[in-house]
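Next up: some structures, all given as structure tokens.
Both complexes below contain subunit A, partnered by subunit B and then by subunit C.
Here is the complex of A and B:
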């Protein structure tokens, strides 16, 4: 898998611009051949598992395909259906709600954790502990929380009972189910996201903080004036990959509510899965997939533009 | 979940990638005159019984060997479908009524009429109606029945005794959609709040229920097999214009909607938990944990519920309540074994299907006492075996004996109907829409048949 988002890790003290020695020129051609040789396996995998399926997926989106009979060309019928399909737009809205809650909370919590790790403690034990939830399989995390948040027997509601709150149907109430699923995944991913941001923080020279402290800046002020601006390129990268990942929400829904109650948690991937694998409408499912690629590509472009990911304020 | 950008392309690939890596565990092989048949089933509890059948079958047919594969319910159908596409589906597999109409339309399973005729297989030996379920819309037969299931009331005898309700009372429950009859009275009495007040006592606090009289598994979607179908049908309602192969559903029928209104009223009265309580721990664990006194469910759950016996939980089974029609009505569902249309060993596959549906194998299945075999004599074997384990299963067999069953509604578009009816029923049972809203869902369902 190629990483299209490359973030320069600014390393102060290293020579600015790359200098090429004149002797290197004749080797370029041989380098190319060697490079190709090393890239080939990845390229092959990319072709077989990404490029070809994408092309075929786009083709299938213009057909009526039920898997058991050969695809029949149907023109733009799937796309016209898509525009008028209220369930699709609703599933997209549900997904968006999930992404906003998931990414919003996760990013804030992860920055807070990363800054605490950076400025407060250097303990690698704590860092390990923070990463623990990420080491547990997604499905296991989902099921454990599903039971812990049970309306009748769940420990979460037991605890709420002690502090005087009535039981809440975390996974069973229409207005709670998406926030619940979003927070479960925040719990799993915050440590990992924090670690990514932490790596970015380490690239900020300590001298800046020392200088700020000499000038009488508070920790709070330093955070807003030094940390956050210098963190921007890393934050942009983290946001792009977490937002894309967040849009892919599927497993947690599939093993817990399966889209319920009353379709309140039917996210777009679950809808596509349902159309394809339980109703065998692969043509329509492919059309939704293609539409989603377009939407996600737009979101990513927008994010990169907004955050000017290529530049760093350090240079 | 964190993936890099190109993974976004994976959306479109999802279908293909999964389709491409379909089942490789199926397929057939024949070498040296010996044929290897592949056979799939989804219920792990039944595997030992069918393994025994396979061993006996191999003894009688030394040139055939049967390889049994068990897969979980969800994987089962996905793998089967991809197997059909890649040509690696099993020769013979356990089939379900909700799934086989699709396979008939797509011609992935073999009609067996000629074979039945040629070998003079008597399809009259099975419990009434079971064999007919497997005759497709085209009039051809697509499987031989292997077992059946019915619905009954699962209850915790410790709690009914504490409430002073006798087993005789539980056997004679009567229900109607107006006031719920003696059935609702019993449900109310079995409901207990945090202060120990019962549902039929003054001062009962429905906001703090400790034990519910009746548990619900889900809203039941469009089928309500274990949730509401028994009430609606005993109220004179029919799922479809005809069964099997109906083309009009009747969710707009007042008889259906008044039944659902009554069922939902149990939640409002505090006798049954709200729908939100069904997300999380499963119904049978709620029953064994003493959070519910009764629950309606199917005979396939007998084993796991009976096995959960503890100091607090004494599992027992009562027949369904009788309805306004005067009879109790249970949905009657049955499984069958079907042959894959692409099998390279048609003769051997037919031999195995025939054996699975024969008294010899069905008695073996009965001996294992996990399900009820399709042949009545084998059911008696099973009933006796259940009895030896201390489990009285008469509540499940009574409907078959009295012929008070109705057949699982078989129509095309089962998956689409499910996706329309699930949110519609969730909304009604969850309390955000009235039962009359089901008429609109019914229109959507019937539009599928146009």
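Here is the complex of A and C:
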């Protein structure tokens, strides 16, 4: 690992950095020594707990490994198994359903909230209140909604009763469980996402809105003609961040349904967790992890292309 | 605001302007209503937590939609903190099983505090090296740090678990804390942005006075960046307090010596008897678990909001 993260020691003799005036040299060398001192703890932590596990994980994905005996090289066996594993594809489909509902609803709500805040008020109190759910642990959020959506005593079903709907088994029915978990996490993340978008909105000059209003444009038209086009680069970044996060849904599932009922909420993360820590199939779990990285990278690239994130219309 | 009232002051045809003015006013009222609706949706579950935690669990079913606690009692909190006797607990619908809530609370405090101090300090050092010092490979290493943000945590957790197992650190504080103690890419990135903006002149003046880099860092950079460092510390504390996955992996369900609150809450739910869970006790526990974050938010809300807006910009 040390070879890949070139340790910045000043090598005497070797041409250290740029060759400039000779007087500058001692200074540069002092720089290097100080740099090593400052970067060392973080570099150590990064090497041991981020870089090495990543490399090790890729290696393990080509092995048969149960933690008890040393990993045995098995070539691409895990990957061929992966392609034929219906449970894996099912978990991927479940995750995708979750991501689509979660991101779809969350993005629309967050844009609406951000625009409303932007056009109505600068109150940071209001922004803070909307951010509150994001600061509370996933576990807490999951438990509160599990209680509120309880079939017999949950307040959500009481509300539904008042407007004439029968009680729903939000966490207990196969076709409802993923939408339910997706919406619970919309509740947790909508204020956070709105805040990121709000930051982007502040970069749009107010004069544009004033000019549009003088020309008789309505708020509604200004939103579609000014706000949304100019927000595109920010929106692209926010989407990439939130989609990556959304794919990693685990806590809510682990605390409430444990993948049930009948695997209806067994998302990829939970499936990997189960393979690794219930069945101790570390090789196969690592292979699924690699697949997840590839999928995430692909989805992110696709989004950035589609939304032309690099370009701005503001110029 | 000014933009909206503009058309009315422009002297066009008076009547349509007035009509539009009224429409704008109605539109604004509707917009405010929507915004407050979302505030309500945001706050309601917190209220419901409180309302349930103060109810008598046995009586919850009698009035599930009551706005106020049902048969108000502090029993839920007494059960959580182990102050209720077995008979009292069971009379109110608790299981009566002893849970070492104080221990989990203490463990969470220790874990979050140690991670916060270590991570913020070491990340600040690294951020200084990235922002201010010149050394070969600096930009490459920084890029490498950032790409680590793309790797899903579960992928890294597998070999890290293996490592902790081999080191015999499962079920220890060290096992929970170590991976987060030295840095996270976000913390380094966040502080680097601030250090880049610290004026170089002050630093050079100190250097002429003979101060070395460590002295400059501890005496100058750290005090001058107290605000962003405090913000990062608050965010780190909240994140560590809320972390569930990694502490779940490295602690055994049968050994609760170093179990943190989030993991305990997850188990608390699965251990309650099917059919009649102790909702009041569970909500009391979740509220206590959320309390430090709520307090931090009450004290530093504005700072937290600004930092997240900042991370949205960069």
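Following the convention adopted for this analysis, the second predicted complex is superposed on the first by the 270 of 315 C-alpha atoms of A that agree within 3 Å, B and C clash if a C-alpha of one lies under 4 Å from a C-alpha of the other, contacts with A are read in each partner's own complex, and residues count from 1 in each chain.
Simple rule for what comes next: contacts are C-beta pairs under 8 Å (C-beta built on N, C-alpha and C of every residue); 3 or more make two chains touch, one makes a residue touch a chain.
No experiment lies behind these values; they were computed from the predicted model shown.
When the two complexes are overlaid on subunit A, subunit B and subunit C occupy overlapping space and clash. When the two complexes are overlaid on their common chain A, residue A:198 makes contact with subunit C while staying clear of subunit B. Contacts of A:80 after superposition on the shared chain: neither subunit B nor subunit C is touched. Contact with subunit C, but none with subunit B, is seen for A:39 once the two complexes are overlaid on the shared chain. Residue contacts after overlaying the shared chain place A:49 against subunit B and subunit C alike. Contacts of A:69 after superposition: subunit B is touched, whereas subunit C is not reached. Partner contacting the larger number of subunit A residues, of subunit B and subunit C: C.
Look at A:279: by the touch rule set out above, it reaches subunit B but stays clear of subunit C. Once the two complexes are laid over each other on the shared chain, residue contacts for A:292 go to subunit B and to subunit C alike.
On subunit A, the patch touched by subunit B and the patch touched by subunit C overlap at residues 5, 46, 49-50, 53-54, 56-57, 60, 67, 138, 146-147, 150, 152-154, 192, 244, 247-248, 251, 256, 269, 272-273, 276-277, 282, 285-286, 289-290, 292-293, 296-297, 300. The touching residues of subunit A, when paired with subunit B in their complex, are 1-5, 46, 49-50, 53-54, 56-58, 60-61, 66-69, 138, 146-147, 149-154, 166, 169-174, 177, 185, 189, 192, 240-242, 244-249, 251, 256-257, 259-263, 269, 272-274, 276-280, 282, 285-286, 288-290, 292-293, 296-297, 300.
Every residue of subunit A that touches subunit C in the complex is listed here, in rising order: 5-6, 8, 16-17, 28, 30-32, 34-39, 41-46, 48-54, 56-57, 60, 67, 109, 112-113, 116-117, 119-121, 124-133, 135-141, 143-148, 150, 152-155, 158-159, 187, 190-192, 195-200, 203, 206, 209-210, 212-214, 216, 219, 234, 238, 244, 247-248, 250-251, 254-256, 258, 269, 272-273, 276-277, 282, 285-286, 289-290, 292-293, 296-297, 300. Of all residues in subunit C, those touching subunit A in their complex are 2-4, 6-7, 10, 24, 27-28, 31-32, 34-35, 38-39, 41-43, 45-46, 48-49, 52, 60-61, 64-65, 122-123, 125-126, 128-130, 133-138, 140-141, 144-145, 148, 150-163, 165, 178-179, 181-183, 185, 188, 212-214, 217, 238, 241-242, 244-245, 248-249, 262, 265-266, 269-270, 279, 282-283, 286, 289-290, 293-294, 296-297, 301-302, 304-306, 308-313. Those residues of subunit B whose C-beta lies close enough to touch subunit A in the complex are 1-20, 77-78, 81-82, 84-85, 102, 106, 108, 207, 219, 273-281, 285-286, 289, 291, 415-416, 418-419, 422-423, 426-427, 430, 432.
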